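One structure coming up, written as structure tokens, with questions to follow.
Chain IDs A, B, C, D and E follow the sequence of writing; residue 1 opens each chain.
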Amino acid sequence: MLLETKNLTRYFGGVKAVDGVDIEVKEGTIKGIIGPNGAGKTTFFHLLSGHLPPQKGWIKFKGEIINHLPPFERARKGIGRVFQQPSPFENLTLMENILISLDISNSPSLFTSLLRLPSLGKSEKEKEKQAIEILHFLNLEKKLHHFPSSLTHFERRKMEIGRVLALNPSLLLLDEPTAGLSYREKEEIKEIIWELKEKGLTILVVEHDMELITDICEEVVVLNFGKKIAEGSPWEIKNNPLVKEVYLGEEYASGS
Amino acid sequence: MLLEVKNLTAYRDSIPIVRSVSFHVNEGESVAILGANGAGKTTLIESIIGIISEKTGEVRFKGKDITRLNSEEIVKRGISLVPQGREIFSTLSVKDNLLLGAYTRFGRESMASIKETLEEVYGLFPILKEREKQLAGTLSGGEQQMLAIGRALMAKPTLLLLDEPSLGLAPQIRAKIFSSLEELHKKGITLLLVEQNTFYALRITERAYVMETGRLVMEGKSEEIAKDPEVIRAYLGREYREKWER
Amino acid sequence: MNWQNFLQLVLSGITIGSIYAFIGIGFNIIYNTTSIINFAQGEFVMLGGLILYSFHQSFHIPLIPAILLTLILVTLIGIGMERLTLHPVKNPTVLNMIIITIGCSIFLKGVALSIWGREVYHLPFFFPRPPFRIGGASITTQSLVVWVALIISSAFLYFFYRFTLLGKAMRACSVNPVAARLMGIKVKSLITLSFALAAFLGGLAGVTITPISLMDYQRGSLLALKGFAAAVLGGLGKEFGAILAGMALGITESLVAGYISSGYKDAVSLLILLFILFVRPGGIMGSKEEISLREL
Amino acid sequence: MRKELKGLVIFFGLIFLFPLLVKSPYYIGVLVFWGIYSIITLGLTILMGYAGQISLGQAGFFAVGAYTSGILTTRFGLPPWLGILAGLGLSLLLSLFLALPSLKLKGHYLAMATLGFGEIVHVVLNAWVGVTGGPSGFGEIPALSFLGWKLDSEMSFFYFTWGWVFLFFLFSLSLLKSPYGRALRSLHAEERIPLSLGVNVYFYKVFAFLWAAFYASFAGSLYAHFMTFLSPSSFTLILSILLVLMIVVGGLGNLWGALLGAGILTFLPEILRTFEDFEMLIYGTFLILVMIFLPKGLVSLRRGKVATGD
Amino acid sequence: MVKRLLFLGIFFLVGCLIFGAEYRIGAVFAVTGPASWLGDPEKKTVEMLEEEINSQGGINGIPIRVIVEDTKGDETQTVNAVRKLITRDRVLAIIGPSRSGTTLAVIPIVEKYKVPLVSCAAAEAIVKPVKKWVFKTPQTDRFAVEKIYQYMKKKGIKRIGIITGTTGFGAQGRKHLLALAPKYGIEIVADETYAPQDTDMTPQLLRIKAKNPQAIVNWSIVPGQAIVPRNMKELGMNIPLFQSHGFGNIKYVKAAGEAAEGIIFPAGRLLVADLLPDTHPQKKVLMEYKRKYESRYQEPVSTFGGHAYDAFWLIVNALKAVGPDRAKIRDYIENTKNFVGTGGIFNFSPEDHNGLDIEAFEMLTVKNGKFTLLGD
């Protein structure tokens, strides 16, 4: 198991945003998380990435309990998270946006940096090469020196994925990766996700787009009012009457 | 013609985003503007309602030129916008949010008629009445969207603009929002809907425009647009397509 | 020291504290519509005191009409300041606006310097009679005037922000100015109104405290520093927070000066302030919920 | 980096030539203060312009640097460089204390906390009479010497100061052009984003505070040895605000802006001094006009020519 | 920069052409800022005197020009201003600065450039130890303290409380109050301070009250001088209040209102000039300055303007006698004897660059809102 949670719980005041969720994610798989708005999907991600501490339960990553680790440590351990709202570093170029995460694993000492010793240049060159590779993979290499403000919404989304990929993560948390994208763009994201899976990444994805979920996920977890109400293959989920009632509605009833 | 837009070009930071767009909305109609992210839909809507002032061309509402008016004036004349991302007043209560929606009516109309609208909104979205006293920021995404629509309705607009009301909503909630929009339309409110969710948008509107890189590239009856192979390929997902065909 | 002295220290702490609180709520009004700190708030206080001096002592206008005239004039200055300096700025950042208010503060001080010079002015107590005695401690009539003015102003503000549409609209402006415009709220006019209100209250503070603290052209900014501390400590935007924090600050200063060391009283009270901020990063009254909502 | 180097050579070339062209000790003296303030603003701009934090207490670190090296050299006869080092050490320690709450505080609340720090330093300078000399201050601080060269003339101090400005500028530039600089600039976004990318936001916030305090403290030591007299009235909140003004007027988040802002606001009072009572009117108007018409600071007058990252 | 220099150069040349030769004297006062209550009357005084001399044809036919620089009471500004006066304006001598701190800050510069400076600040540290080029006209604060203590000794006051402001002036006073008390057999039972912006000194006064002293000494600048007596009155403290010579402006009496009645303080004779017997050697000088200043500026004269008055005449007298030479001016001032000024009768010497003794002070008190000589 790459990731495991047990009885994970988080309250806000009296509201249970995440309520005793157990989840297991196998290495190299893609798992979808769906549920109505306010079901606690994003809070669940906050708990996994360390932006919120859980009140109960534990999170095990690569066999180690990581409850106490701050977000940046978890990122360094290999949990990469892409947020729902695109939030690039506006004052950095596309390339620099990617370099930020490359710096984590490969950064010369402050002393070297201030005096600009030769090893700095070497490591910078190396990282730039890696960054270009990632941008190439995302079809963004032409916009290398652009600032995010001049990118389209789609390009920004891809850039954010690239930024996280630069961390060389083993687990990728994607929060509505295709929200606000056109169908063509969704297809491209889908392809990227497939390719990542082939490279051996494990992916946890929150989505409302059932089509995407059906296409990419092996397993789906349904959350409602912070509780896990169903788990199974996309096909099972779609035909689960409880899920239909609370989430999918009648629209999908005649679907498959 | 209720709303008429002629050769509108609108800028953000001096960059033209909307390029000489012309279209119209008739009284009692429900019209959609479709397009991918970045096509300029939001800019178009914001320049109609006066949030964006850097623009050329003409916008007429009820036959009067409103191009140069600021948004406060435009709202007073009967256009309301449900903005993208909801933009509710998160630290004010739900009820205060709604009352502020009727801001321009205070002093011009009686308290009773404002109360009446409030009840109508509560009738449309009963959950809002339940949450009346809660801070708006504590609502869930779907509830916030309802609040944003309710707030816009409080101004009793003749024309309601909606900017991506389905963004980031669960399928069921999405369906609920759209069905309440249909209901509103039946009550006689003119709708101008900007959407990416082509499936729903075309289902509840009579006419639609397609927008690409700042220009309107297609116009027609919603039913016809939905049959256009170009549109189907570009904007409709596979599942929707199947459903539509059925 | 005995009980009587303790009472006296608390009473004079309350007097000092109510001065801080009074200035603090002025900061809140502008913060509530614009999310900025108006560094010229102290100048409104200063102008209130000095203009009243001129009207009352130099032109011999009776006290009540003189106060009214002063408040009108200070309010107009507040409106003028906003209209001339902040109003014309397109897409201002918070930092830009704050620096403009610093510029206004310096400018208004310059104006006061050229009109009133450097002298320290004083006004007689509004009700000239010997101090009241409570349990062996004394309290001057002017302190009572400050308290009453403070209580009335804050009650008015509370009512205004919670129960009037205009007040709610003003709060809406700071939460989300664009959405406020979409409601048909004239955001810029309300910002002007908030400056008018803040100037009025600053002027009222100046008018009532000058008989106690005396006034000169640079005294406003010195007092404003403590007022700012009160506003922040109480939680920005919270009228009662400012009052509570102002009082706490005043009483702390007074007790530290009375029991520990007068030389270090400001340092000790500032340390306490830092500590409170450390424990409650949003001020005493700042609810965590609201802060996180603002950040979302 | 190369592009900036050209500007750097031209600017500092002109500066270093200045005393040879204009021999007036008055102007050289004013330029020394420009240099001293520049060192502070170069540090502060990292904190405010890049890491997105605010400090209204920078005069406090300036004072710590000045007083520590002043007291140690005058009272205890320590060599000046030891005094400077001690000042730096103390400032770093204090800024660590200040930086810790800053991890929790934001915006106006952080401004208040730093302002409180500056005021506490000021109160201590006033009240700790036995050590600081209290409000009357103390004088006869020995002059610095550098490689056996006694820095007791305006000219020699000028070269010494601006030599340091040059070095500090290079350090700042190197920092910003390194991985550390990128991480610092990432703090401008919402905290959760850099955090999720493995950037230790807490470290960098503290780092930026320490960096700014280091610069301010060093500048303070230079100030002490140049003035040879210190009193608390030189280290007030007004100075802290002035330093922030320098950065914003010059152009936030830009090293050239920090230099330019410090220069303008050092020279402005010199030019305005003859106006006496009207000085405040002109000064206030100047600030308002700059913010209305050049909200991005004076550097935005010369686009393209700009150094780092903006 | 170059443009500005060019501009200044032209300005300077034009100035020379129009005005021809002139004697330039520098003046650095805290005209604005927290110490402007000092700098303002000083500036007004020297401007008045400059005009007076020039209207009488200057010194030996050459007009004088006093270049006043505003220091805002800030040390950095003062240093710049003095450097400018010396090296750019090439003044012969400098009057001021107003504050002790700023004076101490510029001493290294005037010593280095060898320019005579006559300070208007009170601190004893300015002239003790003697600096070659530095003089001062205000009565030394130590003598003010001694004057008060002499009076207390006479009245049998042995236990006192002191309260001082945390400004340079207050701190100097506190230092002397503490140091000199044993000499007069006085015990200081309470020692309190307050910050310049404080609006209420009740806590400090309560602490003093608890120690039950026979009198209180308050050493500060405005507005503390007005607030302390008022707070004392509110607390019902009826023991005598002594204040410093900084109280020497009738405006402060007004600011303190009724509470000012009975305050005792040492001061130069300027404030009570009209009460002096006609035979008093200072009477003529004092009355003349008072008349001129008050008729010109429509405001009461203060002792601080008097310090600038004395400094101005010391320099001008020297200039008249020895001509435009910095070193000779210095020597002349150092040897000035029996110079009758507003602050007293000055007798300078190489060991004494203040030239005044304790006799420069009179004990004054406030009666019916006016200053009056304190009898025995």
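The working rule: a residue touches a chain if its C-beta (ideal position, glycine included) is under 8 Å from a C-beta of that chain, and two chains touch if they have at least 3 such contacts.
Here the structure is a predicted model, which is why all the values come from computation and not from measurement.
The set of chains touching chain A and also touching chain C is given as B, D.
When chain pairs are compared by contacting C-beta pairs, C-D ranks highest. Centre to centre, using the average C-alpha position, chain D and chain E are separated by 35 Å.
Distance between chain C and chain D, defined via averaged C-alpha coordinates, is recorded as 31 Å. Chain geometry summary: the mean Cα position of chain B and that of chain E are 74 Å apart. Averaging C-alpha coordinates per chain places the centre of chain B 43 Å away from that of chain C. Residues of chain E found to touch two or more other chains are 32, 34, 166, 193, 195.
For chain A, no residue reaches two or more other chains under the stated contact definition.
Touching of two or more other chains is recorded for residues 123, 126-127, 190, 277, 279-280 of chain D. Interface note: chains touch in the pairs A-B, A-D, B-C, C-D, C-E, D-E. Within the complex formed with chain E, the residues of chain C that make contact are 1, 5, 8-9, 12-13, 15-16, 19, 113, 117-122, 124, 131, 138, 140, 209, 212-214, 216, 218-219, 222-223, 225-226, 253-255, 257-258, 262-263, 265-266. Across the complex, chain D is touched by residues 49-51, 70-72, 75-76, 80-81, 83, 87-92, 96, 99-101, 103-104, 107-108, 110, 113-116, 120, 124, 163-164, 167 of chain A. Within the complex, the chain D residues that touch chain E are 18, 22, 24-26, 29-30, 33, 123, 126-127, 129, 134-137, 139, 152, 154, 227-229, 231, 233-234, 269-270, 273-274, 276-277, 279-280.
Listed in rising order, the residues of chain D touching chain A in the complex are 171, 174-175, 177-180, 182-183, 185-186, 188-190, 192-202, 253, 309-310. Within the complex, the chain C residues that touch chain B are 165, 168-169, 171-172, 175-176, 178-186, 289-290, 293-294, 296.
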